[in-house]
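Take a look at the structures below.
Consider the two complexes below, in which subunit A is the common component and subunit B and subunit C are the respective partners.
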Partner chain A sequence: MITRRSFFPFSVRLIVPLALALLVVLVYPLVFSFWVSLHDYSLTALEDIRFVGLKNYIELGSNPSFWNALRNTLVFVFGAVFLETMLGFSLALLLHRPGHRFTNVFRSILLTPMFITPIAVGLMFRFLLNQQLGVLPYLLGKLGIQIDFFGSGQALFSLILIDVWQWTPFMLLLFLAGLESLPAAPFEAARVDGASWGFTLRKVTLPLMKPVILVALIIRGLDAFKVFEYVYAITRGGPGDSTETILYYIYKVAFRFFRMGEAAAMAYVLILITMVLVIILYRLMTPKEEA
Partner chain B sequence: MKHHRRFILLLALSLLLALVVSACTGAQPTAAPKPAESQAKPTEAPAKAEKVTLNVIMEEVPDYDIVVALTKKFKADNPDIDVVFDAMPYDAMRDKILTSFLAPKATYDIIIVDNPWMDEFGNAGYLTPLDDYIAKTDGYDYDDFVGPLRDIGEVNGKIYGAPYYNYALGLIVRQDIFDDKGLSAPATVDDYVKTVQSLTTDDFYGAAMQPQRGYKIFEEWKNWLYGKGGDLMDDQGNVIINNDAALKALQLYIDTYNTAAPPNSLNWGFDEALRAMASGQAATMLSYNWMLPTLNKPDGPAGDLAGKFQLYEVPGGKAVLGAWHWAIPKNSQNADAAWKYISWLTSPSVDKERVIMGGAPIRTSVLQDKEVWEKGFGEQYYTTVLKILEDAEPLATGDHAEEVIDVVGAELNAAVAGQKEPKQALDDAAKQVEEIMNR
Partner chain C sequence: MNDSRYWRRTLGDWGGTLILIIALIVVLFPYAWIFLTSLKPTVLVAQPDVWLFQPTLANWREVLLESDVPRYLLNSVIVGLSTVLIALVVAAPASYSFSRFKTGGGPVRFSILAAEMLPPAVLIVPLFLLMFNLQMLDTHIALIAAHLTFVTPVITWFLIGFFDEVPKELEEQAMVDGYTQFQAFYKVVLPTVRPGLAAAAIFGFVLSWNDMFYALILSGGNNKTLPVAIAGFWTFRGIEMGKMAVAILIAIVPVLIVSFFIQKYLVKGLGGGAVKY
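Our next item is the complex of A and B:
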């Protein structure tokens, strides 16, 4: 009890090392990149770094490539996360069979895609979906179906499907853990009351699962915002600029064109947009009486 | 539920911070990955006359293996110099090289520079001028390097790069099919279009094209542009990529893609086109001249088709030239030893050995050497390569070449995809190139 009255309580002192570490690895890069975003900062002209104020931010407003990349990213994030949530939840319901003999086998198989590095997944699908060399177009061709997976109009959707293939297992994992930790009592009560499967799902399972779903959406959503590898390995942003995503665009401006000031400004705008989205999502998912 | 809410909020915020940091690391030059420490150790100045270690960044390509094999001899003859290679894929190189430039002590004593980077690095003052070194090196015969390759290594009248290997484009054809049909190599772009269209059937294609967005499509299409008399810029530096010649070249390119290239090959690059040729699905491709020996190799990717491929100049004659050059960073502390190695490797005698081993040629004397013809891939191949090199120009030059290539490549790809009218795409490309040039 004495420690509580001291200037730095014990609990605060415990946090200090971590806080210092965070200061070094988080705050310094953040402050530095913000400083960079206010300058005309090119890596090939380091002797000519000029303060330009908010110019880099203002110019983003009239940069069609940036907004196009942002739009593509949002379509990708919403499409991929929506499908992953639906599929992941359905699979979790199917696999939620406590005591079943093969549960662990099925889980292991279904989780496999998650363990492959995304760049390898990108390369794999680049050839798997290739019209001349790929297995899938060949098999579809046998059925009389011709799809140009990386053609104009379909390419972004193909990338979404690749993401769904790889990351649905992650959603499944979270949802399954959530389902298994739900209290048994409400389900027993529902059964006693004669509630149907669908009714129980809507009125008991989903409300109880809301916090887990929220966490899953936020984790996956933030991760999907960072999509880079599939674009890099397969389309390089094409056809035209239909699959150029925001991180790929930032990478290009920063590391291929070396215009760090603009890239930093874009990164900050991206942070702002992501933050707004997270807050909206959080508000939507929080029960109204507590909000 | 209150606890739940706090926990979720905390989790959400920490995840957000993680995203922020990963998005922002792009904004700090120090964040670029470090070179593989097992291979490349930081350069240290020799305290006494001790052994010097030269760290060399390389791209993982067949030419790299040849350099490694040759270097054993250099090491044996120069026990005081060790050469350590750090080989990696192309995409990892540019930021590693730049990180090395910015470091107080260079990570790399020798770098290889791709042609779009040469003006940018030279003008930024990151490279050591080689003029004095070349003048002092007996028997180096700098003028023996093919002219357009020399031009790439020279920035504002100073030499910053010694040629390493070329990747000029040529036309590779299935000679057996051309012979069967009584066809000769097309001399003009219009001939080429007619030829490949006539060779296309339901399951065989006249041209394996590479319309992938960015570098690839621009690299391929610019040969068509030259063929129709166009260029990126005129002699006064005006952007002319949207003139009539360019429009005609793009319309023909799109028409050929739609009528003679494998369907749905809009994102094809070098790998896919090569596979299509090697697997007997296509009759021609515009590709690097040294792909011919690869395709004709008996145990190579083409299997039974090996030996049936032939190389010609691109239709219209003038080709896109790519080249890698050796360069010494300004902050290298072993510049003298670095030049000793570079001048040895690119000297007429060692270069001849390199080309016989399969390296891409850079010297006129080597290309005309009868011993090279006999031990290498035959007279026709080397004389064709010399013709290609003598009439070739880089894709883009100047401080912003990398960006120019990217924006033009995106517009061209959009036109082939049907997202934009060819004229509109070229106008948009011209506008962006002008903006980049005026930056």
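Our next item is the complex of A and C:
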């Protein structure tokens, strides 16, 4: 029933607005950013922008602050994602009991932290965990436990715990959805055979859940890589540079030191890391079409 | 069914419920404490050992009536609504095309996923320099452009999942009835995915509402949004804590309320039609 002739088919015309929008806000800035990364581009010397080739990239190799930020970020990502997976999976198993009276209420409330703005979470916990003003050190003090949550040595770990508070719900959400859609037959068979709870978990639940777990791990890992707000709200990279993460360091180089070329180069290194993970994620999400 | 097995199950049930209740307390305690703090008289805010006190609305009154926070709230709403509106208009036809005609195939889906996962650090430098050169720093437009970079891919990804569930017969019937292809999409298919559109719009709005990174750098002045305003309480002066608690509650309560409505759509949206759980 196509009456009007057009050079492009209908399916292509539908995506023109999206393509134009992303060209302006996404593709053009990305290309411009690559150009910036090849220049000595400082906001304090805009009249003196010089082409330097790959110098900004090469110098990253010998920049201890960059490596420190990368290391802190990796510790943060692995620590947080590991704890969130463990906790999220345990809670999902506990909540996945059909017919339990309060399951829906529990789930709705347990999921709430993932929706609120991370800067609010950061400030909330900075207040709660503060040595003098905080209620948690006060309560722990009553029990005879003295912890300086943001002292050197444990600050990064405290940031991990804050991330666990906010993002375990994300894991819980995906794992619950995964559990709810598992086929019933293997569980029925295990029950008939008299398999124990632990055996069923190891031999039936976990293998069936593997794709969901992998997808959740990568999405969360990519997201945890972007940690900025907790650092900004609480430690500003300190004590020393023990909580300086990659996004915070890029922010500092670009908007405190105004070295745009160097910041753009770091950002491109970050793209490479991200893309490797996205490729894996994409493969996992579309198994049938690819294989 | 022997005795020990029965007891183990019962204990397991109770143990599980106990763990869930502890988790519930861990989640709710920070909200409760911030709420209490917002009602505390200024002199008591810095005293974690005071749990019983005469509540006061002074902090609320000061923040709502005598500070700039309501203006920042309005900025957040303007930026969020504009971003979501633009994103929906460009994303809805495109995601229909990706779902129904498989336009672009795998590479297109991959690009959208990649755009969704792109760290904001990658775009902040060029966006800042562009807005700086255009003299558009500290404007709503600068921030809307920045938020479109992640809200558009997320909404597109979201909607693909919803369009995938619309049966082909629906448009075929519409075209037999004399609709053009576009009319079939606009008048028949689009209304059937209304819940998906609503969930995607709300989720996109929440993402824009929650962003602090772009907002801090691109519009940290007069046109700052609520999260940037909250970050301004960083100094932690004693007198500011009660007001900080109020500002935090203003930023999180609306989101907590809408979260109950979009939770059940979120999994389908995140999967983008690619993951069939």
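The working rule: the second predicted complex is superposed on the first by the 247 of 291 C-alpha atoms of A that agree within 3 Å, B and C clash if a C-alpha of one lies under 4 Å from a C-alpha of the other, contacts with A are read in each partner's own complex, and residues count from 1 in each chain.
Note that contacts are C-beta pairs under 8 Å (C-beta built on N, C-alpha and C of every residue); 3 or more make two chains touch, one makes a residue touch a chain.
None of the values given here were measured: they were computed from a predicted structure.
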Practice item. Using the superposition on chain A described above, determine whether A:Phe115 touches subunit B (first), subunit C (second), both, or neither. Key: second
Exercise for review: Scan A:Ser181 for contacts with subunit B and subunit C and give back first, second, both or neither.
Suggested key: second
Review point. With both structures placed on chain A, which of the two partners, subunit B or subunit C, ends up touching more residues of subunit A?
Key: C
Review point. What is the contact status of A:Ser242 with respect to subunit B (first) and subunit C (second): first, second, both, or neither?
Key: first
Practice item. Applying the touch criterion given at the start, work out whether A:Leu206 contacts subunit B, subunit C, both or neither, answering first, second, both or neither. Key: neither
Exercise for review: Could you tell me if A:Met86 is touching subunit B, subunit C, both of them or neither one (first, second, both, neither)?
Suggested key: neither
**Study point:** Partner chain in contact with A:Ala189 - subunit B first, subunit C second, else both or neither
**Key:** neither
Check your understanding: Can A:Glu229 be said to touch subunit B (first), subunit C (second), both, or neither?
Key -> second
Review point. Which of the two partners, first being subunit B and second being subunit C, lies in contact with A:Leu30: first, second, both, or neither?
Key: both
Check your understanding: Given the touch rule stated above, what does A:Gln131 touch, subunit B (first), subunit C (second), both, or neither?
Key -> first
Review point. Which subunit A residues are contacted by subunit C in one complex and by subunit B in the other?
Key: 25-26, 29-30, 32-33, 36, 43, 126, 130, 132-133, 137, 211, 215, 219, 222, 225-226, 232, 247, 250-251, 254-255, 260, 263-264, 267-268, 270-271, 274-275, 278, 282, 286, 290
Practice item. Spell out the residues on subunit B that touch subunit A in their complex, using ranges where they run on. Key: 1-2, 4-5, 8-9, 11-12, 15-29, 31-32, 91, 94-95, 98, 102, 120-121, 123-124, 126, 212-214, 262-267, 272, 275-276, 279, 281, 399-400, 402-403, 406, 410-411, 413-414, 416-420
Review point. Which residues of subunit C touch subunit A in their complex?
Key: 12, 16, 19-20, 23-24, 26-28, 30, 33-34, 37, 45-46, 48-49, 86, 89-91, 93-94, 96-98, 100-101, 103-104, 106, 109-110, 113-115, 117-130, 132, 145-146, 148-149, 152-153, 156, 175, 178, 180-182, 185, 206, 209-213, 216-217, 226-227, 230-231, 233-234, 236, 241, 244-245, 248, 251-252, 255-256, 258-260, 263, 266-267, 270-272, 274-275, 277
Study note, to complete from the structure: Per the touch rule above, subunit A residues touching subunit B in the complex are 25-26, 29-30, 32-33, 36-37, 43-46, 126, 130-133, 137, 146, 148-152, 155, 211, 214-215, 218-219, 222, 225-226, 232, 234-242, 247, 250-252, 254-258, 260, 263-264, 267-268, 270-271, 274-275, 278, 282, 286-287, 290
Review point. Which of the residues in subunit A come into contact with subunit C in the complex?
Key: 1-3, 10-12, 14-15, 17-22, 24-26, 28-30, 32-33, 36, 43, 90-91, 94-95, 97, 106-113, 115-120, 123-128, 130, 132-135, 137-139, 165, 173-174, 177-178, 180-181, 197, 211-212, 215, 219, 222, 225-226, 228-229, 232-233, 246-247, 250-251, 254-255, 260, 263-264, 266-268, 270-271, 274-275, 277-279, 281-282, 285-286, 289-290
